[in-house]
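First, the structure itself, so that you have it in front of you.
A, B, C and D are the chain letters, set down in written order, and residue numbers restart from 1 in every chain.
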Amino acid sequence: MPSAASSPSRKWASRLFLSDYFVLYLSLAYVAILAPFLPTLLNPANISNVLSNLWPLLVVATGQTFILATAGIDLSQGAVIAVTSVIGAMLIAVTGNAAVLSNAPIWGVFIGEQGGILAGSIGGIAVAIAIMMLVAILIGLLNGVSVAVFGMPAFMVTLVTMIVIGAVAIYLSLSENISNLPDAFVTLGKGDLVSVYFGAQDESKIPRKIIYSFVTYPMVIAVAVAVAAHYLLNRTVFGRQVVAVGSNKRNAEVSGIPVRRVIVAVFVISAVCAAIGSILYSARLEAGRPTLGAGTFLLDVIGATVIGGTSLFGGKAKIIWTFFGVLFFVLLSNTLNLMNLSAFQVDMVKGAVILAAALLDVLRTRLTRELT
Amino acid sequence: MGDLLAFEGLSKSWFGVPAVSDLTLAMRENSLLGVIGQNGAGKSTLMNMIGGIVEPTSGRMRWKGADYEPKSAADASEAGIAFIHQELNLFTNLTVAENLYIDGFPRKFGMIDWATINERTRHILGRLALDVEPSVNVGHLSPGERQLVEIARALHNEAELVIFDEPTTSLTPRETERLFETIATLRGEGRSIVYISHILSDVKKLSDDVAVLRDGKLVDQGPASDFSIARMIRSMIGRDLGGQFPERSNTPTTSAILSARSLSQPGVLQDVSIAVNRGEILGLFGLMGAGRSELARVIFGLDPHETGEIEIDGKPLAGGPRERIAAGLAFVTEDRRAEGLMLEAPIAENLALVSIDRFGKKPFMLVDRERVAEETEAMKDNLSIKAGNIARQPAKALSGGNQQKVVIGKWQMQSPKLFILDEPTRGVDVGAKYEIYTLIDRIAATGGGILMISSELEELLGMADRIVVMNRGEVVGEVGRDEFDRETILSMAFREVIA
Amino acid sequence: MTRSMDKISDFVFRNATYLIFAGVLIYYGIQAPSFLTPESLVNIVKQASFTGIAAVGMTFVLLTAGIDLSVGSVMFLAPLMAGYVMRDLGMPVPVAVVAAVLTGVVLGSINAILIVRLRVIPFITTLATLFLFRGFGTWLTSSQQFDFPDEIRAFGLSGVFGIPTPIIVFTAVALVAHLVLAHTEFGRQVYAFGNSPEGARKAGLKVGWIQARVYIICSACAALSGFMLIAQIGRLDAAFGEGAEFDVIAAAVLGGASLFGGIGSAFGAVIGATLIQTVKLGLVFTGVNLYLQPIIQGVIIFIAVLVDGMREKQVLAKMKRTIRPL
Amino acid sequence: MRSLTSTVTASLIALGGIVAGTSANAATICFAFQDLETEFWVAGHKAITTTLADQGHTVLERNANEDANKQLEQIKDCIAQGVDGIIVIPQDGESAVTIVKEAQSADVPIAVFNRPPTDTSKGIVVVADNKTIAEQAVDYIVEEALAKAPADKTLNAIIIVGDLGDPNAVGRKDGFYAAIDKHKDRFNVVEVASKWDAATALANLEAAVTANPEVDLLFTSSDFLFPTIRSVFEPRGLWKKPGEDGHVMMAGLDGDKTACQLIKDGYVDATGVQDLYFEADASLKAILAAIDGGEAQPNEVVQDPGFALTQANLGTDEMKMWGCVLLAGK
C-alpha cells in the first residue's frame, strides 16, 4: 500500500466510503439530522409507510441492478410494468366494464362482461401471473438479443421498446384502467401478515388509525426477490459471469464467459423483475393500468440503484447496495413530502439530490483509485 | 554547444517506484540517437516526459540550450518535437490532410483554407513519396501508409526532432525499407531523430549514437560504431544470456496435442499448418504484423478462419472460446489489461473466472466459496504471486509480473492441455521473467503443450524446443532446438528483405 | 461477385436513412397523394425545424460520444427567460432571441462545468439538470402558463418570400453548424475527439474546451429551438418541452450520428428530424389510429438504430488490420 | 443492518403511543393533486390552497406528477403524518377508489375533487362528467354548423385529442363522438393527437389542416390549446369571427380565461365548463364539516352539473364560468 493511505483520517474516510454499508450510514445520518425537524419522520405510521413504499421499487431496482452490472441500461422497465399490468388484469378481472372497455381490442377476446377469461379461480390467477412473466421474458429477449447479437446500444434499444411497448399497453385497453381485480390478487399488493399496535393496553377499542402493518405480502415478495437476486448476483456462477462481463467484456469473451447469453439473460431478469413489480403496483392500486411506470418512474429506479453504489459503467453491483439505495430514495421522497415544500420546488430539490449523489460517486471512485 | 536535447539528472517515480532515475544524456544536433532497453527500462516514461505527458519528479531537460518544461503535448509540438508512436495516433474518421493539421488549421475568413491545406499536404506527401490524396480518410489506408502520414504530420509541424517509437512493428519489410529511406531524407533536411526499437540491427545500422537504458538508468552509451549487437544485449540485460533461462527439464514427446492444418483467412493467414506436442514448448517467432497473434486468435476461436481445421487430441475444435476452453485450450493474450484481467476485481475473482463453472454447486450453481478460496489461495502460493489478501486486493494493485502470473494462474485453475502464451513476459521485470519461464517449463514438464509467441527472439531461443517462424501470415520456416541460430531465424523473419 | 455484393450492401448501409426516407415518402404519397403537395412538404419541414434545430446541436454532443438529456428543460426555461425580457423589460423580439440563446449558453455552461471540471458522466449530469432546469422554471412560473406579447407570434408566423421563418432559421442553423463542423478547426477537432479522446489529448488538442463547447452549443440550439416553437404559439405551458430530449436524440441518431462518437453531420440531423416528422405527419395524413401511431414510429426508429449498429460493425470489421493483401 | 434494526426499535419505543391530535378548527389538510400543467388545475390548486390558508388551516401539498402510484404513496405519507383530512385530485377513477379505501381504513376523511372514483359510494366525491359536458359543448357547435350548411353537404370536423393515457382525455373524446354521432352521416371526422403537448398539437393540427383544408368544426379537448389552434388557423384565414367568411365553429373544454376572452371576441363558439369554484368550495366545506363532526368516513356525492358556455347563453351565464371570473378580476 502506498504511504498516502496510512494517515488516520484517510483510513477513516476509506472505511466509510468503501464500505458496503456506506449508503445505509448515509440514510441513518440523513434521518438523524432531519428527525428533530420532522417529528413525524420516526412515527411508527410513517415507518410502516416508508416500508410499504420501499418494496415494489426494490423489486424493480433489483432487476435494473443486473443490467447496470453489465454496463447496460434498461429504459423499458416502466413500459413492461404497464403492459403486464394490463395483460394480467384483463385475464383475471372479476367483471368487465362494457361502458369503458367495449371498444378496446381486448374486449370479447380476453375480457367480457363476465370478467377476464381466467377469472374466478386461484389457479387462474397463477396462470395469469405466469403469462405476465412470459410477456416480460419475451420483451427482455427482444431487448437482450438486439443488444447482444445486433450490437445496438442498450440506450436506444430500450428507449424504442419503452415507446412501443408503452403504446401497446395503452392500445390494449384503449387507455382504460381495468378494475375489479379479485381479492386474492389484491392481497398480493397490500395484504398484512403482521400488524402492530402502539398504545395503552387497556384501551377498550383500538382505533384503526393506529394499527400499523409491518409484515405485508409485498414485503415478503420483495424480500424473497431481493434475497434470491442477492444470491444469484453475488453467490452463483451466473452472477460472477454478469460481473465479469461488466468489468471487462473483452476479458470475459477470452475467458470463455458466454457473453451474449449473459447479456440476454440480464435483460430478461430486468423485465421479469419489472413484471413482479407490476403485480405489486397493480394489486395495491387494484387495477390494471396502462400508464403505470410512465413519466419519471424510471429515473427513480436508476437513480436509487446508482445512489446505492452500483456503477453505470458495469462490474460493480450488489443487491444490498440497491436495497440501501432504494431505502435512501424512498426516505428522500418521504422526507420531501414531510418537509412540506411547495409543489413548485420539489423538482429542483430532486435534481440537486441526484447531482449530489453523482458527485459522491465520482468522489468515491477517485478515493478508491487513490487508496488502492 | 551543439546539444539539441539534454537531460540533467532527470528522474520520475510512480508511487515511490523509480521509472527513470538520475538520467543524464545529451544528443547532438542533426544526429540520430538510438535508444534501446528492455520493456520497463524507462524508455516510454522518458518519451512521455519529453512529450509533456508526464512531468519529471526531479532533474531538468534542456532544449537547444534553454530550459524545457513541457506541460502538454502541445508544448512539445510547439517546441519542434514530434512523436511517431508505436500505436499510431491518427484519427481514422478524418482525412489525411485533416490529421496533419488537426492542432492548427490555416484559415481564410475564419474557415479552414482547404486549398492551401491540400496543396501543402500534397507537397509533404510528395516528399515522402506517398501517393495518396490529401482528402482520403485515414481509415482507408494501410498501416504503412498511416505511419507515413504520421511522419508527414511531424514534417508539417516542422519538427526539428522526430522521435520514432518502435516504428517498424506493423510494417511490411518493403514499407520498412521505405521508412529508412524517409529517415535518411529527414536527416538530409537537417532534422534530428531519436529511434527506439527492439530490432537491434536496425538501431545499429541507423544510429550515430546509442544509449542503453536498464531499470530506469542509463547503463551504456557511445557511438554506434562501438556497439556490437552482443554489447547491446549485454548492456540491456545486465549480464550474459546464460542463466537467464531455467534449464528445460523435460524432452518433448512426439504425440501432438494441437494440430492445425492449412488455416487460411483472407488478409490474415495463408495456409498455416502447425502442431504442438505433449510436453513441448513451441516458439512462434515473427516480426509484429507477421500474423502470430492473429494465428493464436484463430486457434482460440476469437477470430474466424475460412478454410483449414484445428484439432486438439485428435478431436476437431469448433465454436468460440468457451467450447475451446472446455476442450483444453488456454490463451494468455498479449494485452493483459484489456483482455486478461478485471483490473478492479479482487485477485481471487480473477483467478477463479475461467474455471468458475466447476465451482458451481447444484442445483442452484451457488459458488462454493470455501473451495474457491482454498484453490485460489493454493494457486497464489503455487505461482508465488506476491499479494496480500487475494479476496480483497484488486488485480490492478499488482506489479506487471504478478498480474501476468494471475493471468497464467486463472488458466492453470482449469488444468488446460494446451497453453497459448502471447508475449507472456511483456512488461514484466527481469526477476519475474525468470519465474514465468520456470512456470512455463513446469507446465511442459507435466505434459502440457505450449505455444509461445514472442518478439524477443532470445526468450524463444532460451525456452523453446522448436521455433516456427511466420512472415506476412505464412509459416516460412521451422527450426529445432539443436539447430537454433539467430541469423537463420531472423533471416526467415526478414525473408522478403533478403529475397 | 462478392465484391459487388459488398459494394451494394455498403451503399445500402451508408445511405440507409435516405433509403428509408424515400420509402416512407413514396408509401405515404400513394396512400394520400396530397401528402406530396408543396404546401404539405413545406409544412413538414417547418414542423421538423423545431426538433431539427435542437438535433443539430445534439449532433455536436453525440460526436464527442456524450449525451444531453437536459434539452427538453432548456427548451422550456430559455424561452421563459426571453419572455420575461419581452414582457417585463419591454424588449423587442430580436433582443428576446438573444436572451433565449444566452440563457441556453448559461445552462449549457452548467452542464459543461459538471462534465468537464467535476467529471460527472454526461448521462447523470444532464439527467440531474433536466430536473434542475425545469424545476427552476416551474418555481419561477408557479406552473402557470406564460403569455408572450403578441409581437412574438407576428415574428413566428412571418416569412420571407413565402418561406416560413422557422425554416429559414433552421436552414441557417444547419448551414452554420455544417460550416463549423466541416470547415473550422473546432469542428474537425470535435470529430477527432469523438474518434479518440486519448489521441486528441496526445495530439495536443484542448479537449476540455472542445467538450465544454459542444454542451454549450447544444443548449444554445435547444434554447433557439424552444424560442422558435414558442413564437408559433405565443404561450408557454408548464409541460412545454417535456420528453423532447428523446425526440431530439432520436432525430440525430436517425440522421447518422453514432452514440459512440466521431460519426455524424449537421446535414444528417436535418434529414433525421425531417424523417421523423414525415413519419409522424404521414400518420396524421393517412388517418392511422392514434393508438397505433407511436408503435409505428417506434418500429421505424428501431430499424434505423439496427442499421446504425450494423454499420458500426461493418466499420469495425473494415478497421481490422490486414497483414497481407486480400 | 443490525444498527438499523436497533435504531428503528429504539425510536418505536420512544414514540409508541404518541398519536398526534389536532383540533378541528385549525386542521391540517393534505391536498394531493395529480399535476399542474394547465390553467384549470393551477386555478383549482390556487383556490383550494388559498381558501384553506385564509381560514387558518395548514395545507400539505403533494404533486404526483401524473403518477397514480406516487400519489398513493403521497397519500400514505399524509396519513402517516396524521393529517385531519385529505382532498385529492386523483390521476383517474380507479386509483381514486384505492386511495379512498386507504384513507378511510385509516379513519381519515377524504374528498375526491373533479375526477370521480369508479365507485362513488365511498368518500366525499365532487364530480363533473367530462363526457356530458363535452357533449353539451359539441352539441351546440354541431347544431349551429348544420344550420348554416347546405343540407346535402358533408362537414369536416376535427377533434384534438388529449393524452391517451389520461381518462379525462378519453371522456372528452367520447363526449365529442356522442354529439357527432347524432348526425353521423353529415360529418367526416379527423382525429389529431396532442398528448397534452402544445408542440405536438401544433405539428399534427397543421398537417391535418393541410390534408383537409376545409374545416367546418373543431373541438379541442382542452382550452389550453386555443393559442396553438390560432397559430395554425390564422395564416390560413380560418381564425375568423362569426359572420366573417371562413369562420370555423369551435368548442373547447375547461372554461379557462383564454376561452372566456375568445368566446367574448367571437372566435370560439362554445366551451364546456366545469364549475371549478363550486367544486373547490363543495369539497372544502364537506371535508371541514366532516372533521368538525368527528366523522372519519364521510360519504357524499356532490354533483357539479357543469354546462356549456355558448354564444347563445353568454349574456346570462358568463359569470358562472370560472375563467370569466378570473378574467373580470384582472
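Simple rule for what comes next: a contact is a pair of C-beta atoms (placed from the backbone, for glycine too) under 8 Å apart; a residue touches a chain by one contact, two chains touch by 3 or more.
Only a predicted model underlies this, so the values are computations on that prediction, with no experimental measurement involved.
**Q** With a step meaning a move to a chain it touches, how many steps does the shortest path from subunit A to subunit D take?
**A** Minimum step count, subunit A to subunit D: 1.
**Q** Where the contacts of subunit A and subunit B overlap, which chains show up?
**A** C
**Q** Farthest chain from subunit D, going by the mean of C-alpha atoms per chain?
**A** B
**Q** Between subunit B and subunit D, what's the gap in Å when you average each chain's C-alpha atoms?
**A** Roughly 70 Å, centre to centre.
**Q** Determine the centre-to-centre distance between subunit B and subunit C, using the mean Cα coordinates as centres, and give it in whole Å.
**A** So the centroids are 43 Å from each other.
**Q** If you average the Cα atoms of subunit A and of subunit C to get two centres, how far apart are those centres in Å?
**A** Whole-Å distance between the two chain centres: 32.
**Q** Which residues does subunit B have that touch at least 2 chains other than itself?
**A** Counting only residues that touch two or more other chains, subunit B contributes none.
**Q** Out of subunit C, which residues touch more than one other chain, so two or more?
**A** Residues 142-143, 291, 293.
**Q** Using the touch definition from the top, which residues of subunit D touch two or more other chains?
**A** Counting only residues that touch two or more other chains, subunit D contributes 36, 45, 164.
**Q** Assign the assembly's chain-to-chain touch graph to one of these shapes: line, ring, star, complete, other.
**A** Graph shape, chains as nodes and touching pairs as edges: none of the named types, so other.
**Q** Can you list every touching chain pair?
**A** Every pair of chains in contact is listed here: A-B, A-C, A-D, B-C, C-D.
**Q** Which subunit C residues qualify as touching subunit A in the complex?
**A** 67, 114, 118-121, 123-125, 127-136, 138-139, 142-143, 246, 249-250, 253, 259-260, 291-295, 297-299, 301-302, 305-306, 308-310, 312-313
**Q** Show which residues of subunit D lie in contact with subunit C when the two form their complex.
**A** So the residues of subunit D touching subunit C come out as 36-39, 42, 45, 161, 164, 190-193, 196-199, 202-204, 206-208, 210-211, 224, 227-228, 230-231, 234-235.
**Q** For subunit C, which residues count as touching subunit D in their complex?
**A** It is residues 32, 34-35, 37, 39-40, 43-44, 46-47, 50, 142-145, 153, 156-157, 229, 232-235, 237-242, 244, 277, 280-281, 284-285, 287, 290-291, 293 of subunit C that touch subunit D.
**Q** List the residues on subunit B that touch subunit A in their complex, please.
**A** That would be residues 15-16, 300, 302, 320-322, 324-326, 331, 333, 338-345, 349, 352-354, 356-357, 359-360, 364-367, 369, 393-394, 396-397, 410 of subunit B.
**Q** Using the touch definition from the top, list the residues of subunit A that touch subunit C in their complex.
**A** My answer: residues 146, 150-153, 155-157, 159-161, 163-164, 166-168, 170-171, 174, 299, 303, 306, 312-313, 342-352, 354-355, 358-359, 361-362.
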